[in-house]
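Chain nomenclature is as follows: A, B and C, assigned in order of appearance, with residue numbering initiated at 1 for each chain independently.
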Amino acid sequence: MSAPLLKVSGLTKAFRHKTGFFARPTSQLAVNSIDLELAPHERIGVVGESGSGKSTLGRLLLGLTEPTEGDVWFEGVNHKERRERDWKAFRMRTALVQQNPLSALNPQMTVGQQIAEGLLVHHVCNRNFAYERAAAMLERVGLPGAMMNRYPHQMSGGQRQRVVIARALILDPRLVVFDEAVSALDVSVQAQVVALLRSLWQELDLAYVFITHDLRIVRHLVDRIAVMYLGRVVEMGDIRSVYAWPRHPYTRALLASVPSLDPAIRNIEPPIKGERDASKVSTGCAFRSRCPFAIDRCAIETPELRHVGGQQVACHLADELPKSIASPGGTLSPRTAVAQEMAL
Amino acid sequence: MAFATSSRSPTRAIGNPSRGPLRGMPVSIGLCCMWIAIVIFIGLSATWLAPYDYTHQDPLARFARPFVSAAHWFGTDYLGRDVVSNLLVATQTTLMIALAGSLICALIGTSLGLIAAHFGGWMDNAIMGFADAMAAVPFIIVALSVLAFFGTSPLLFVFLVGFANWERYARLTRGLVLSAREEGYAEAARIVGVPAMRIYLRHMLPNIAGPLIVQFTVNFPEIILLESGLSFLGLGIQPPETSLGLMVADGRTYLAIAWWLAALPGAVIVLTTLSISLLGDYLRDRLDARLR
Amino acid sequence: MTAFILARFLRAIAVLVFTVTLVFIVLRLTGDPAQQMLSDNAGPEALAAFNEKWGLDRSIPEQYLYYVVNALRGDFGVSFADGREVFTVVAERIPKTLVVTVSAFILSLLIGIPAGILAAVRRETALDKSVMAGAVLGYSVPNFLLGLVFIFVFAVWLRVLPSSGSSTWNHAVLPVATFALFNAAAIARFMRSTLIDVLGQPYIAAARADGIPYWDVILRHALPNAAIPMVTTIGFVAGGLLGGSALIEPVFAWPGLGSGFVNATNTGDLPVVQAMIVLFTAFMVAINFSVDVLYAVLNPKIRKH
């Protein structure tokens, strides 16, 4: 494998909370010692519930917030060693596609002005040529070049998202972070945008970090997937192998909740119980309070990511949990028995 | 900021509402606009409009009553000066000072608000603490103190007037910038690598201009009142220059025998501030409607 | 709550110290204090006495100490105008201003609050419209101009009230009326908008749905909630009284602090000016402090702490 485009090591971000005037500030780890590598032209999906720290991870990757600990290297350069000028270069080679295309676009500027701005502020080319390139990019993302002079409110949601994508790609970046980029769109529009992103990836030298809570979308869009729970990556690996045999109980629960997936998995996998509670968990596995398989060891020892099968999993029981979750006609596995007990 | 989602640029919508230029505008607001237009016209061309030199004295025609002589429509004052000419020049002076003051005020206030929002931390605390202190003391007291120590000069006076109520712009701008910064478009611009100054001026300012313009319409009449108040007390514009407040102060002595000397400049003050206030209220209501 | 009040109290003291210091700095910056503070015809022995008293022959920190100690004792030197002690000059004006401002303040509360409540409850009626019109006029008409209108109508035309001076109670009528009308307009306007806000809240709808009589809802549910923002507004109005007195008192030749301040400014009577600045600051600080305390007492969110 070639040198990684992006490398993350021990990345941690703590947010301080203050509950009252005299209360001692408590800190919560939004992102907890994450290691990650991304090759050029690779696509990775980061999935998790809201509050799992996936958006914070995205912001850390782009240097929009300072990490509490750990390092991010992009094209071999550590974020911490970047000076003003290096940051400018970095901004030209990375891009972010945000969640809500309406607020992501400036209501007071035309679409063309916003797409061309990147070229202008970095003095890539003169004004006329910048607008020409912006129009070409607009057509590349499937919109007529005449829309250059429109304002965002004169467009539909799907069109706006295409504009945001065009703005992100205008500087020909190597890495694009998508933060819930298609979640706000209608399902039919989502499919079109996903198709667009696939074709763009095939044509351009792009790497994707695709942050989402929607497991249906990443399946068609990424090569690898990282599942996050309370700031930690609990499972990471090739998208096919993770979907075929999810090893972590949390991943299994997530996949089970996706309606369109294998009906054999659905309904039988034990539902995760209780509420997510970050504050009480200090040692051990963060997921244990909700895990139907939890054993004593989970409370004592924090599971590290280790290779199990085709992927990495942070679970003590990863290789003990069988792949097959009882098929409709099969015998009741011990876990389904537990599940039924819990349901009672 | 809700402005980001408004269907149209608020600033443009003011002059040119989407459904016909003047439709739905009450007659009273039309009259206000008319008066404001007249006053602006006077402000631009008072010296050409004035039938006499405003300082020209005619001892034989003192205290001529208004509305009787074609030579002096609004009569003459205690020195036989033409009231129309004086009124035109005084309106011009007051308007210029109020305009300069309002612009200085808007500039100081928005800049400090922006600085507070941009730097945060102790800078934010210092600026906002100063703003709180300013807001707690009636500005006329501050102005009198400054004038007592430094004496009156036209330049100092304009800047002093421009210093009134800057804290309102500062608070408003700070709040608007802080919330605009959370908007996706600001972050997007930051990620593209747009310099901070350009984000503030090119991206944010058009989006937060609406409330700032409304603030201007609130502030402008107050500055006119402050100018006339200080001139009335003899601490603002000094003779031989004239201003509306100074004319009222002059006329006050002759209230019993020549009511028009105080009443006419007083009426100009009231009509002007009233027109701008009503127009400002109207604009604010229209902007609020867009926010809903 | 004690912590909150204590913090506010300390802040009030800090503001006062800041102002006194600022006056000291400005005085030292604008020139030789002895020449500034003494009238031009003061002899050399007067100069020497002055320097001795204010410690002007000593270092700047010691000078500052002298200054603060004298200021705390209320000793600001001698007025240029008549050579009397500044303290006496200022002190004899205080009751005159208090008479006008306090009675005008009470009057404006008595008019403004009921008018605002009625306007909010009876929206779109003639009363509501006249309150709103009065409020708009209130911030468009300069207060000194309204004073002149009153003088013209009641003193020049009707000849029922004196136009200037302070020798009888009748003399106070016009200044008080001018003051009260302006403040009542502002108070009525804020009262109206605050109450309309509160009346739009869900808990008011809930109370009405429970069948509580209308005026009960207004008096027991709406008004206590409207009181909290009103305290701030009323405090603001009270703080504005001094600013108003600087403009209204000269119109009626009312010999209070306001016209005294304007006179001292016009004649460059710096000893009087600085004494008044300190006095006004103390007044403003006291008003703001009372508003804070009242706010804390009224607001359960702070009271509980």
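Rule of thumb we're sticking to: contacts are C-beta pairs under 8 Å (C-beta built on N, C-alpha and C of every residue); 3 or more make two chains touch, one makes a residue touch a chain.
Listed by chain with UniProt protein names: A = ATP-binding cassette domain-containing protein; B, C = ABC transporter permease.
Quick caveat: nothing in here was measured; it's all calculated off a predicted structure.
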Identity of the chain that, by mean CA position, is farthest from subunit C (ABC transporter permease): A
Core chain by centroid distance, with centroids computed from Cα atoms only: B
Whole-Å separation of chain centres (CA-atom averages), subunit B (ABC transporter permease) against subunit C (ABC transporter permease): 24
Geometric centre distance via CA averages, subunit C (ABC transporter permease)-subunit A, whole Å: 59
Whole-Å gap separating subunit A and subunit B (ABC transporter permease), where each centre is the average of the chain's CA atoms: 52
Subunit B (ABC transporter permease)-touching residues of subunit A, taken from the complex the two chains share: 62, 64, 87-88, 91-92, 94-96, 98-100, 102-109, 114, 117-118, 121-122, 153, 164, 167, 171
Touch list for subunit B (ABC transporter permease) against partner subunit C (ABC transporter permease), complex: 133, 136-141, 144-145, 147-151, 221-222, 225, 228-229, 232-235, 245, 248, 252, 255-256, 259, 262, 266, 269-270, 273-274, 277-278, 281
Touch list for subunit C (ABC transporter permease) against partner subunit B (ABC transporter permease), complex: 15, 26-27, 30, 136-137, 139-142, 144-145, 148-149, 151-152, 156, 239-240, 242-244, 246-247, 250-251, 261-262, 264-266, 268, 270, 273, 277, 280-281, 284, 288
Of subunit B (ABC transporter permease), residues touching subunit A in the complex: 3-9, 183-185, 187-195, 198, 202-203, 206-207
